[in-house]
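Shared chain: chain A. Partners: chain B in the first complex, chain C in the second.
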Partner chain A sequence: MRLPPQPGERLHRDRPLTFLFDGKPVQAFAGDTIASALFASGRRVFSRSFKYHRPRGLYCCSGHCPNCLMQIDGVPSVRACMEPARDGARVQTQNVLGSLDRDLMSIVDKVGGPFLPVGFYYRTMMRPRRAWPIYERFLRSAAGLGRIDKHGRRTHRFDTEHRRAEVLVIGGGASGTAAAREAAEAGRQVVLVDDGLAERDDSSAFEVLSPARAIGIYEGGLVPVDAGDVLYRFRAERIVVATGTIEQPLLFPGNDLVGVMLAGGARRLIDSWSLRPGERAVVLQAGGDTIAANLRRAGTDIAAVFDVGERAPEEIVARGSKGRVSSVVVDGETVECDLVVMSGARQPAYSLLAQAGARVEYDAARAIFVPRDLPAGVAAVGAVTGERGRPAHPAPAYSGKGKCFVCICEDVTRKDVKRTLAEGFDSIELAKRYTAVTMGPCQGRLCHLPAIRLFARETGSDESALGTTTSRPPWAPVSLGLLAGRGHEPARRTSIHHRHEELGARMMWTGDWRRVHSYGDPAAEVRAVHEAVGVIDVSTLGKLLVRGPDAVAFLERLYPNRFADLRVGRVRYGVLGTDAGRIMDDGTIGRLAEDELYVTTTSTGAEVVFEWFQWWNSVWGFDVEVVNLTGALAAVNVAGPRARELVGQLTSLDCSAEAFKYLDAKRAHVGGVPCLALRIGFVGELGYELHFPSSYGEYLWDTLLERGADLGIRPFGLEAQRILRLEKQHIIVGQDTDSESNTLDANMAWMVKFDKDDFVGKWALEHMQVRGARERLIGFELENGALPAEGGQIVVDGRPAGRVTSARRSETLGKAIGLAWVPPELAEEGARIQIRVDGRLEQASVRLRPFYDPEGERVRS
Partner chain B sequence: MSFLLPCPNCGPRDVNEFVYAGEISVRPQQQPSLAELASYVYLRRNVAGVQREWWFHRFGCELWFQAERDTRTNHVLTTELVDSNRQV
Partner chain C sequence: MNGLEFIDPGLARAENGFDPVQRSPLERALRDAPPEVRDLSLQVPEDFDRGLAGLQVTGERLLRRLTDLNLDALPATGMVANVRATVLRDGDEFRIFFPQEYADHVAEVVLDAAEGLR
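After this line comes the complex of A and B, so read on.
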């Protein structure tokens, strides 16, 4: 059913294609949209309305109205009038029970009126309260548009790109194109954003993005542009808005029947896709439009043309049968027809300008809202200024019998508006929220002006006094996937990562890092560390080099510890606090030279601590430099009674207990790799922590495993490390401490040097020392095999009085052990506490000293 | 938030490159009273107007600097690096 080729048609008739509509094949040509091909195939009903399930047909054909929303290739609520037809596309109707032509839910239109008045969801179905789940289930299935595929997967790769332009022109009509060309000829770098609706002469003088839509103008002149799979975030020196006008519908009973359409929609059907919109048309136009000529050219009989602006009829009613228009009555005169083409005022599409900061005021002479007082750097050209074209003065509404729709998206009728006002919602913002006018898919493009004009008439006030509702992004519909951007989860991997994978390690997240949970048997890994030797990849530790004449003074001010007496080649454990006295991070501080210290932090704390150091130094101005070496260096910890044998055979360094003591730091080549070797022991056995350039990561790891094979070496992961450190009651900051914990209550008062002049947190800790502990961190053990959950409750006299922060079963000790915060009076060796485990209260005893090797002989050996 | 912030080192950049670290509070020079300490640690003026504040260019030069910003409009009046030649 195509017309002979039209002068401006977009069809490529030599390239036919086929897509499926509700499972049935539909023929189309390249250049068609889904909607135009369906129209050509004879389809007139395209959707069912939101609330009443009334049949709806093509209406605007420009991506504004809700009438052609369909599910296309699994994506719900796609505007079929804008979606290019493509071979094999699967198109489905949405929001119907049954089929488009026989929707069982259309019963709502017949009988639902009295039960579903405006705002019914605010006041009906309240009682009985117990029945709400039933109501809710019904409403959830009846309301909404389209269905999300619960098993859906990412279908596109979306990307975000940051771009700059000297001049960004939004809107590719005649005015926008002229403005772009003018700026380009003046030597400016110009980008034109075009929605692709109209045919446009392509020019090479400036860049054109088409089809693309500006989503909004945000703070700082940021303009996100939706170009399909890419979101461009534009910053422009100058923004030119040329968004033109939007043709407004007329308000009369039956104005939503299939066959009633906007003049622009009819024109596009004829000009772009060579389709005859109807056989016999009635034209209702408020401004002298030329649509009648287009219709005649398409072979449509013009039954009547009414200039509803000048003659201003009282009554207009469209009558229909089975939802399709069959006649129009104008002041008693009945005209048979199957097409009503209407054209109201042309409302400037000012939304982007308003978002940028322009004021919006009502121009009574033209009966439209116009933008005024544009902000600096933003210009408006063409029809969007409201100063072009002949004014149109349709009546706010025409009377007659039947449902007169103010908003076809949300099915709001003139009667609903009257009722809203009668109920006292007389402010435009309140009325908007109560009726949902302007809140549907068209976002007010087709209902904002008519609704305000109707409100003004019904309240006897005028439009300027009512004002407008606030314009907000998004101005154009945008898919959530585009806003979400590219689907990626950034992960940091150590330089030894692939070796762990080859060993079949189970990986886990710690912050951004991928770390080894275990290599399959954490208990065996624990045994290897206690009885032979184990090796763990600790490259994720934060590693900062602090260097300069004031390096020691700087760290003395940051940590509660003393470092002035830390000899070169020695290491000390330190806990970093805030001025509120709270624990922030922990790690080791090694003195490599008089003016050079090597600081390690927790794996997740590296960036925070680095920024913390930098910040304090910009406050204090010490002569010191801080370099973040976290990524540059790898680190492994070799721990266990046979660690000395292993490291000793790989280095010329004297590793004897006398020459390389506990808490010594030495530079050495291990396996030929330049290392900083620290004798520290988080896991409670003799241990060497080797820090070395990341590029040697796999090499040194392989070397250690090969040479350690005879010694019974096993690589171990975080789970084994957590058991081992718990046996020693070593805390993990962030696990055993939270944002309220302080160093004193965490039993580390020994490191706090109150005799120092100043350090971060000194005053708060002094206060806490006087005030006394509010709770204490203690170790506990259970003997009957129960294992409390982390976060489990400590119960005293039937009341919650504390919490478990860590708990593990230790095979070494044959019992469950853990750390917990308890009231200070319970922090005594052997005190009995109760812990809730799986709903039962279990007896546990407090242990203040390490469970394993309490004297620390093994770690010092 | 999508305003541009002129980093004193790198020039105007999208605000998302930076970390906001709050208004500038002055650390007591002497041992503070408990009330002074609590005020310094916990209380902020939270002005509706021009405020001096700390920013860190995390996804850039990794420098801390101070800015004067109108909290009502996000208009940034000045930005400057802190003089590093001060006496401690």
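After this line comes the complex of A and C, so read on.
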């Protein structure tokens, strides 16, 4: 039943609405929260506790405690006391087996207490180890905070917005509002963040975000603010924290019974939602709270008021029936009641200040922690400073029989804390992790201070010496959806990408590029390259221009190869090494002019190689400029015996074998587009790699396919390319090499020029040369049809001795082929090795020369 | 053709029955874009790197959903839609230039952010 309209009431009684609670309709008014409307409907049990499944009722009504967590419109663990009532909302209880009023799991409270102390599962569920997943599933199901739909899709839209403020005020109470107004009047741009609980009379001079909560304060003045559907990431020149205080509960047996409530909670029920919290109340207050007057105004009988700050009773016990409070015993005096309103110390809500770098110290006179030494750019105003209000100094805990809860989120009792100490967890940080006190939904708002005070009493130390645990974001609960924001994944796409999609290509990730796996039939794509002509989009290759008087000297020092003798218009394959002589990347280096070289890298290595070049250039101080052209240029490789015929149709360039030889680099218009054409042969056939401005990607691709139609052209993807290059035993860096592979062991000693004065990794390679190979990269073939997995094991004398790096079935060769690292003594042509395939050992032969066209006649044709 | 001319899209020419056509990397993505989002890819300033795509976006709030750059201190280079970009400002209009290979991604984010503000 509602009281007559109260001053400051938030209800709009002319706007009724209805929502569903566990399928049954509940009447509410606009301005109600889900919790206030349920309370008005007569509901008193709002949740079941985390571990013992004890009934819990409204407690703080300010979004701190876990007592009103419910599943609302599919979202678990929503605080019903903060969630506005909406017409048609679907509200469900959570963490119950049965119903909220009859939860079968409440048996745990009756019989499980002695058997289920803190951390019991670490001791009693250790064996058998294989059963842990079963235990874990059971525990998760028995003690939970709602359920998420594992197969659910996004149901809410969450956005992120970057904001700046000269002054950001966090907390919209009287002090925060005054600080905001003062700064605004001084001409500053002010934004005030308010959780929506406080009333403000004037906000016209500054921007107000409400309801909204600051999640934390990070480096550089970054303050993420949860405004429901939008996460504002504020960068503020000055942050003013006005988060006030948090009313602390008292520790006594029965302090979690339904009907035991914080004074602030009772006050909000009366003032904001015109509800009578109970019929007959006992008030336990430490420090002159005025709640009794509010209760009387609401028509509640005040059975007794105990000032626990002054009188300091020894014993307080709340007793109840079916989980609801029915009486309170204070030093032997029993008072019948259905409501216990308690108010301990008022702890400054200093967490944001601590995150910003403030020191936190214990004020023994007030029995609270207070912030000190605020960092530059951060100010505190109002009660959060700890300088206001009357001292309230309740006892750390009151004696009596029954469960006394230190942490109602995690169901940690005073007995648990004692046991934790007895087990040797005598540091508060360790005890926090062991008991989980402060780690539940309230994040220490209601248990941090009481736990430390209790800890101090039980250990005989004082709170100042114990200190406090670390305050970490998030200060306010935040949904993962809001943190995740929109689901966009940065992907790089070539300028020909859409043509591939139109051709029905299956795409795959290579690094952050989207590339073509195949166009549906990799084997046919391989055949086209061998028998006619194929074209592949290789725009993803890294493309660097190195130019300047020292360009050649620069590359000579970076690569183990020699470039001084590379003539203008010629191309050379090179492998880039690290200081430790390990293979880092590979590609081709074309000499365009005496002082201009064009370097290609692997698709995923472009950025690293570019930075590598720039770094060494700054170290050595060569007169060289390095330009990254990766995105500016598209590239296609036209390969196959009829590639010359096709390219020749599109350009006036003489493409004859004599005029345009293997490893030549020439510039020409192809189909009217300016191109750099490189005659290289990664896929083992006559080929032309055309590099040209990206904006002509689709045009030149279309032109090649149109003109090549009569020649049997087929686009091919990475899968076909992998087969083709494997037939030639061409390596892929990162696939066939790892961070330990070196050029010598990978059979490329021919490119390492030890007679050069210096190059990156020379010392290491010289050492490796003297030491000798530890393993060798070899080709292998299996003729019985078995296909090893990449990463598969090479077995010698029954022991693992190497690994397969690549393996494919070659239709051209009629067998499975691959590359593998093996002990050096096995790197002999025709040697027999064993490879584990599907659990069986298969015989394979070592092949040190390319499987296909070993003399390279086709690629040079 | 000499030197680095193969990099220059301006040197494409119609010849021998070929008529090269440039295509903006944003052309498809912005086909049905609202008026506050325009394609500038074929109008990238001369002194900018080649290979950039460009967008013109109207509205400060929309920009705030895309980047943490200080919009009162432009031009500047920083992350826009999780891609490194340069942003220029003319009143309430912003020009964003970024590597063209991210065109679809940036367009997707910009259009989605614009949708979120409607």
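Some points to look at:
In the analysis below, the second predicted complex is superposed on the first by the 812 of 861 C-alpha atoms of A that agree within 3 Å, B and C clash if a C-alpha of one lies under 4 Å from a C-alpha of the other, contacts with A are read in each partner's own complex, and residues count from 1 in each chain.
The criterion applied here is as follows: contacts are C-beta pairs under 8 Å (C-beta built on N, C-alpha and C of every residue); 3 or more make two chains touch, one makes a residue touch a chain.
Small disclaimer: the values here were computed from a predicted structure and weren't measured.
Applying the stated contact rule after C-alpha superposition, one finds that A:His767 touches chain B and leaves chain C untouched. In the superposed pair of complexes, A:Asp101 makes contact with neither chain B nor chain C. In the superposition on chain A, A:His162 contacts both chain B and chain C. By the document's definition of touching, of the two partners only chain C reaches A:Gly631; chain B does not. Shared-chain residue A:Arg235: touches chain B and chain C both.
Of the two partner chains, chain B is the only one that A:Ser618 touches; chain C does not reach it.
Of the two partner chains placed by superposition, only chain B is touched by A:Gly220; chain C is not.
Contacts of A:Thr494 after superposition on the shared chain: chain C is touched, whereas chain B is not.
When chain B and chain C are set side by side, the one touching more residues of chain A is C.
In the superposition on chain A, chain A positions 162, 233, 235 are in contact with chain B in one complex as well as with chain C in the other. Within the complex, the chain B residues that touch chain A are 1-4, 14-15, 19, 21, 27-28, 31-32, 34, 37, 40-42, 54, 56, 58, 62-65, 74, 81-88.
By the touch criterion given at the top, residues 1-9, 11-16, 18-25, 28, 41-42, 49-52, 61, 64-65, 67-70, 72, 81-83, 99-105, 108-109, 112-113, 116 of chain C touch chain A in their complex.
Residue ranges on chain A touching chain B, taken from their complex, read 162, 218-220, 222, 233, 235, 550, 553, 579-580, 611, 614-615, 618-622, 763-764, 767.
Those residues of chain A lying in contact with chain C across their complex are 157, 159-164, 233, 235, 486, 488-495, 497-498, 513, 545, 592-593, 596, 629-633, 650, 652, 667-669, 671-676, 691-700, 703.
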